[in-house]
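Chains: A, B, C and D, in written order; residue numbering restarts at 1 for each.
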Amino acid sequence: MIEIRFHGRGGQGTVMASKILADAIAKEGKYVQAYPEFGVERRGAPVFAFIRIDDKPIYDKSKIYTPDHVVVLEPTLVEAIDLTEGLKPGGTILINTDKKPGDFKQYAKFKVAVVDATGIAAKNKLGTRAAPIVNTAITGAVVKVLRLARLESLLDSIREAISLSPEDNVRAAQDAFEQVAMGNGAPQ
Amino acid sequence: MKKDKTMKLSLPIEEYMGPGHLACQGCGAALAMRFALKALGPKTAFCFPACCWSVIDGPFPHSSLDVSIFHCAFETAAATASGLKAGLEMVGDKETTVVAWAGDGGTFDIGIQALSGAAERNEDIIYICYDNEAYMNTGIQRSSATPYGAWTTTTPVKHFKSRPKKDIDAIMAAHRIPYQATASISYAEDLVKKVKKAKGIRGTRFLHIYAPCPAGWKSRPEDTIKLSRLAVQTGIFPIFEMENGENCVLNIKVKERKPVKDYIRLQGRFRHLTEDEVQRIQDDVDARWARLTKMCGA
Amino acid sequence: MKKKKTLDRIVLASESEFPMMPMSLGTMHYNRTGAWRNIKPVIELDKCIQCGICWKFCPDVSIVIRDEYPVVDYDYCKGCGICAEECPSKCIAMVEEEK
Amino acid sequence: MKKVIMGNHALSWGAQLGRAQVIAAYPITPQTQVVELLSEMCASHSLDAKFIKVESEHSAMAALLGASIAGARTFTATSSHGLALMHELLHWAAIGRLPVVMGNINRALAPGWSIWADQNDSLSQRDTGWMQYYCASNQEVLDTTIQAFKVSEALAIPSMIMLDAFALSHTYEVVDIPDQDKVDAYLPPFRPKLRLSSDDPHAFGGLTSPEHYFELRYKQQKDMERAPALIEETGKEYEKMFGRRLDLVEDYMCSGAEIVFITSGTAGYTARVAVDALRQEGIKAGNLRMRVFRPFPFAIVREIAGRAGRVAVVDRNLSWGCHGIFYQEVKSALYGHTNGLPVFGYVAGLGGRDITPQTFKDIARDALKRKLPAEEIVWIGVKR
């Protein structure tokens, strides 16, 4: 069983990112469960989403408290909240940032991966400069770093989920898949 | 006997309401139903919320009407009728006229939310309120249709109703529904004509029928028609119709309005009123009449 | 035009005879509301102008038309007196029931 | 077709595959996605239905009663306060023998606005005469919706399908969405024996005297008593066509168990995880998940729970001043049928407090060390 927690801000499509990933993972024949934070989502406020993945049916309907990995859609959250809460030692933190993995000394107990999803979103004209839509880009990085699904499955899931300019989103995911950078100990 | 002559009937002869029903002697609501059905005909389905008619029709397993009835909860006539119409259409019946048939309590008070909702959605239903100006089925308690000055069991003589009757017609006009009208059982031809007209229009149609209640008004049963006629002739209950909340037309033009005291003195529910209080009713009727005739361009 | 109505009260003796839901299976004709009456209308047909107003305003559908004249159906007339009150030729009298 | 969908959308899909003809609904958190997707389905004509966008839940149910008496298949969804507002009409539907199918997202009641999981909303409607299904997965939500139409219409009894707020309503899972033609073969169109029509006029629901009311309610109960067998039969038929069995209860390792949890909703799945863990520790645990609560499946509960060493009923609800509601009913069902079987009642997870595998481990530990419950209600996880 793999458990992942996503951090973002309300309105960024954090839940959508987890849903698209769940869909891509299911395409690989795995069992998957994705759910948002249980509560009221407000635009701009920090939000969470979660995914459970297993090779057998998932019966646990309780919340995820000790994720294996953490995905951060919003760079400013690094300073704002404790992203590592409950994160298993040796787990991966994937951050949307233009910094390098080595810049995150505070996460020494974990593997750090980075991707400039914001830059990729802007390049692919997703959202505005003030409010870039980074959720599809981040999924590309996630499947690469955590090896959860093949890129093709993810791109199919994006095409099915996004009705407005799906190909821009597909390109964003591809870009992130290629550009995501891993720190020490990350998968080769 | 002059056998050569034939009866002059001003209404269709067909009856869809049978005798043996449980209305009180001289019941205005029973007449309202009889007239409405003459216009509606057999392809009609009613929704009755709790009201006098939920008893008048008769007990299980009997009914005094030759059309279908779905008895529904007090506050749901318009909502239930919305669903009944949708359901009938989905099973292929586009012909049946669906009519919510409610008293003033079920319309002005507890049912107004569902009515407003249905009217705003412009559901394809006719909503008919027979107005006897109080909760008569439960034993004469005041409703928001009860007029100023009236005694009821919850507005005793020493504390009679001090607020005017709610203007449901203005509320419905604000919804800008395709058709709405007032009618009186004393002007049966006008009533039947309006129900027929409503039947030919799609969307939400609202008819407000004045139906005296001898038991609740403490009037003589034989005065039921006279009272409803006086209500029109005094201007207490003007007879008009509107389309889309506009184009108000006064259907019964009263040249010389009779004084309201002619109407009031026939009813025990107003017996306690002083001359000043009767004058207050007169002044209110005069003001409302002036507004209405101005609106109608009469 | 209308289907034949049963004049009898429907009696359901056992639950097996009941419909699943409370629904009407017959009319109210069994309910002879003439018994409610204290005074009864009597039409003096010689004075009748055949205007139909008594027929029109009967809340109990108890004035029927026979051979172009109004006839009171005493099985159902509740004796409200509207017909007598509204008759323009004053040919209907409300008279005491014989007790 | 396999699709990752949220629990709320499983309800919408169930209603679409079931070919609901009239839908009337009002939005309430956490139900809204049910009606949003249904609106889209109606607008795109993938579902040929009339969707009445009413001004309250009360009017939603009222409209469906009108549609149902006309002979149309009806569906709605609500939650918590919306369900409470419908209360009067839930009786109306059941006594009127109108087989409305409704999804209810189990959510706590205010004050203290709470949008989180709690069963007191639907259990407050226990005695309205509706069948009640409590689901544990999105697949079960979809399958149950289709089955509920079939059972409801055969018996002329309405059905309520429960999903825990968020834990199911907002959780995405892989769902096998069956083919429409197969669903059509399983679920024929609604053709009620009695319906309102202007061709054959009747008055429905008129004044009913003490001479008659009693027999009508007797007949209603007799039909409800036919439901357990029909649910099993249609559940097996469902398995033949779709490969998934729909039973009254789910028995997970109850045979020979020294402790059997009795659970419902999503907690009934989490309990399985705890059962596995407890068995690894050498404790023979089992889980009896009650999928159907009304009609109460007496026979199967007696058969399975009656053989356990002890029974621990876990309630995400409470009848104030008494016990958890499943606990009351399980105890009453077992009384006289088992010889001194200890039955423990636990209340957990009110207002969305998480129920985890650890919750069940704590419960097992408590129940296994006693002969009788320590208190009338044992609260699990309350801060005191």
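Here is the rule we go by: contacts are C-beta pairs under 8 Å (C-beta built on N, C-alpha and C of every residue); 3 or more make two chains touch, one makes a residue touch a chain.
All of these numbers come straight from a predicted model, not from anything done at the bench.
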From chain D, which chain is the farthest off, judged by mean CA positions? C
Which chains share more C-beta contacts than any other pair? B-D
Whole-Å separation of chain centres (CA-atom averages), chain A against chain C: 80
From the mean C-alpha coordinate of chain A to that of chain D, what's the distance rounded to whole Å? 35
Quick one: chain B and chain C, Cα centre-to-centre, how many Å? 23
Go ahead and note the Å separation of the Cα centroids belonging to chain B and chain D. 43
Two or more partner chains touched - positions in chain D: 202-206, 208, 212
Where chain B touches two or more other chains at once, by residue number: 57-58, 60-63, 66, 69
Name the shape of the chain contact graph, picking from line, ring, star, complete and other. other
State which pairs of chains touch, listing all of them. A-D, B-C, B-D, C-D
In their shared complex, chain A is touched by residues of chain D numbered 2-4, 29, 115-116, 136, 164-168, 170-174, 266-267, 269-270, 272-273, 352, 354-357
Residue numbers on chain A that touch chain D, as the complex places them: 18-19, 22-23, 26, 31-36, 38-40, 58-63
Under the stated contact criterion, what part of chain C meets chain B in this complex? 1-2, 5, 9-10, 12, 19, 22-33, 36, 45-46, 50-52, 55-57, 59-62, 65, 67-70, 73, 75-76, 78-82, 84-86, 94
Footprint of chain D on chain B - complex, ascending: 42-45, 47, 54-55, 57-63, 65-73, 75-76, 78-91, 93, 95-96, 113-114, 116-117, 120-121, 123
Which residues, counting only chain D, touch chain B once they are in their complex? 21-22, 24, 49-50, 52-56, 58-60, 62-72, 74, 88-89, 92, 195-198, 201-209, 212
